[in-house]
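Next up: the structures, one after another.
What follows is chain A paired twice: with chain B in the first complex and chain C in the second.
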Partner chain A sequence: MISLVILTFLGIIAIEVPGLIRKKYWKELIVFLLLLFIAFIASILLAMGFEFPSLIKGIEILIKYILR
Partner chain B sequence: MINKSLITSRQAFLLIVLANISTAVLFVPTTPVEIVNQDGWIPVILSTFFAALLLYYPLGAMCKKYPEHTIIQYSPLILGRFIGKLFAALFIYYFFIIHCLALREFGELVITFMPETSINVPIIFISLISIYTVKCGLEVMGRCAEIIFPLGFISLFIIGLFSIEQGDYTNLQPFMESSIMPLMIATLSPLDWLSLGLVFGIFAPCVNNKRSLVKIGIYAVFLSGAILTIFSIINILVFGSDLLKILNYPLLILSRVSKFEPFERIEVFIILLWVSWVFIRVSLFSYATVLGLSQLFNFTDHRFLIVPENLLAIAYSLFMYDSFVEMSYAFSISQLYYISIPLGLTIILWLTSIIRSKMKT
Partner chain C sequence: MNLETGKIPGYQLIFLIMGFVSSLSMLFLPTQPAKNLAWLAILVSIIEGLLFASIYTALALRFPGKTLVEINEFILGPLVGKIVSLGFLWYFLHLASLHLRNYGDFFTIVYPETPLIVFLIATIFVCALAVKNGIEVIARCSILLVSLIIFLYFFDLFILLKEMDLSKLLPLRNVSVQDFFKASNAVNSVSFGETIIFMMIFPFLNKYVEARKSLLAIIIAGLLIAISAARNTAVMGDLLSIFQYPTYETLKIVDVGDFLTRMEIVVSINFISMGFLKISILYYGLVLGTAQLLKLRTYHPLVFPFGVIITVLGVINYGAISELIPFALEIYPLYSFPFEIGIPLFLLVTAVVRGLPKKTKGDQI
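Moving on, here comes the complex of A and B:
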């Protein structure tokens, strides 16, 4: 599963990055790689079965605080 | 950035309607019914008027004032560079969250039909289609909306027509039992669905007829509100408020019970409606996030961001909630959180633009 994720991301980099380098879009390249890096970390964690703390707990506390 | 693609005002109208109701029509009116029982359809009507007044009129007026800019571009013009960029980032965050939620809701419905399948599979496949559509551009989405909206509308019409004879009119009585305060709290949930049309701020510069911008938004919210109201009334008539509180997908169950000799078991229409409409919503919000991000950082092109954004949305939509139960619980408590970005920020933006133009003259 993890190797599949790594292969997918390598494929995406191989397709998208040469075009960006050819057009000399350096700022765009940085943002692209940054977003891809966050997505990569999240996908790897997902494939490993890691669980993030849920956002709902925070929202619940906030809403109950406001409504009271 | 120059937007070369143009859509007609009818396509823009249909895109707003699809953004508003494509998933809401399946869940309406469970959350209002939990609060005000058999009066659950009144909050839907109220929220239509609130949404038209608080979101669509200000948004249309601002889009008319800045006809060549999206909401991401004119918020720094109105509020100054720093706060404007902050507002724009919050709008983009909202579009991203809605994109993830639409993916997750789609996956949850598909695995009720195919319980052995993992939820990742439908989410990844609809993301592949959405990546392709967003790469094609807004014009393609507009034309898709023109084909897809009548399909879903006919399905809804058939489901409503076939099930109306099973309704029991005593389910709506006693009329107006609840007082004004519970009604207002119940209004928040339909308002949450109807405020998704904030995405209009992104594609308004692409509409070819700039004079009709205010009218498009108002008409679209009234059509969405009318469809939601009709289905809330039908659901309450058929199921009654006590049963409706425990149903996950009222429209799905409605299609299972509705029959009209010789037609029975018309759930296939729900699948048609759901897959086609959610596809438009997913691609529209993906487009909004990507275009917004590229305009926030002043990029010349937005297409290179489509794939990473979609991958991020897939990962986040799977991380968001553990199960359907947690998701529906989150929907029932977090309306205020989801309303505050489209309604609150848009109103602040609009009032500031009015005050600034008054001060100039």
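Moving on, here comes the complex of A and C:
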């Protein structure tokens, strides 16, 4: 499972990065790598079976806190 | 530099909005509190939706050629504008992941043995390809898909005529006023209010005045949803409120001469095509908005990373689908309030009071 995730990310890098370097889009490259890093951490955690807290529960708590 | 060179004509906008609004709504709407008056609650919510949409179009017409992110920055200044835009981008991201998850959940009912993540990845991959090709491709897809859906919609209506019992729509005074408006407000916030995403798409119209056509699209889509809700109630009656996916359950009843049976799979055709449109539009708005916020020269490299993030968020959104209805009824209208009406109204009022934009709009088409 984890190796599949890594393979997917290598595929995404192989598709996007050469074109960006060829056109010298450095700023785009930085944003791309940053976003990909966030996505990578999140999906590796998910693949390893890490239990994320429920997102809509979090929003519910936040809204109730604001409107209390 | 222009991020998107594609242009879409006005009639494609109508199809896009119809597909966007009616996607989820034909399958799942938080109308449970309104019981047999769901259709009336939807009709009332159309009025609310039109009010919202007229604010969006007024803003779009005031700032032709500018997306929501650019308008934010123009009116609120660089810093505050960026923070507000970041809030919107989060909203689009979360919305895309919510719809993706909802989409996947529906398919785990049709295919019980397949894990959820398979549907999420397959769907987001198709959407990513559509988004990479730009708004023109999504708009052209919408013509084909929405025409198909409208055909299937009337087909469903026709084969269900035999099963309908209009007396199930009565009594009219079954529901308390509070519950009724709760339902109609929730319907508005999950279907019509989400058209705020079209603030990202209005600038790519051939003629910017055609943004007004979004009002027409909302009326048509709203009527379609209201009729489908009335149809479901007329077939199923009070039983309807216990089902997660009312339209799906309703079409299970169809039996035309022991020949046309198990038509519920037609609903999944609706859902496949409309869900694709809805997720693609939200995804497109998110990617384009991020590129504009960071002043990038192209949005293409952001497509795949955001796809992965949407998928992960989709998985961790909630545990089971049954958590979604209380969320859609109680929390979601409050959560979406600033994004759907609060900030757009504030932007419009500020623009009117300050007389923005100050330049004459002669340089636009």
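Some notes on this structure:
As a working rule, the second predicted complex is superposed on the first by the 56 of 68 C-alpha atoms of A that agree within 3 Å, B and C clash if a C-alpha of one lies under 4 Å from a C-alpha of the other, contacts with A are read in each partner's own complex, and residues count from 1 in each chain.
Everything that follows uses one rule, which is that a contact is a pair of C-beta atoms (placed from the backbone, for glycine too) under 8 Å apart; a residue touches a chain by one contact, two chains touch by 3 or more.
All figures in this text were calculated on a predicted structure; none of them were measured in a lab.
Look at chain A after the overlay: chain B and chain C clash there. In the superposition on chain A, A:14 contacts neither chain B nor chain C.
Contact with both chain B and chain C is seen for A:28 once the two complexes are overlaid on the shared chain. In the superposed pair of complexes, A:55 makes contact with chain B and with chain C alike. Residues 9, 12, 16, 20, 25, 27-28, 31-32, 35-36, 38-39, 42-43, 46, 52, 54-56, 59-60, 63 of chain A lie in contact with chain B in one complex and with chain C in the other.
Residues of chain A that touch chain B in their complex: 9, 12, 16, 19-20, 25, 27-28, 31-32, 35-36, 38-39, 42-43, 46, 51-52, 54-56, 59-60, 62-63, 66. Listed in rising order, the residues of chain C touching chain A in the complex are 94, 97-98, 290, 294, 296-298, 300-302, 304-306, 308-309, 311-313, 315-319, 323-324, 327, 331, 334-335. Residue ranges on chain B touching chain A, taken from their complex, read 293, 297, 299-301, 304-305, 307-309, 311-312, 314-316, 318-322, 326, 329-330, 333-334, 336-337. Here chain A touches chain C in the complex through residues 8-9, 12, 15-16, 20, 25, 27-29, 31-32, 35-36, 38-40, 42-43, 46, 52-57, 59-60, 63, 67, going by the rule given at the top.
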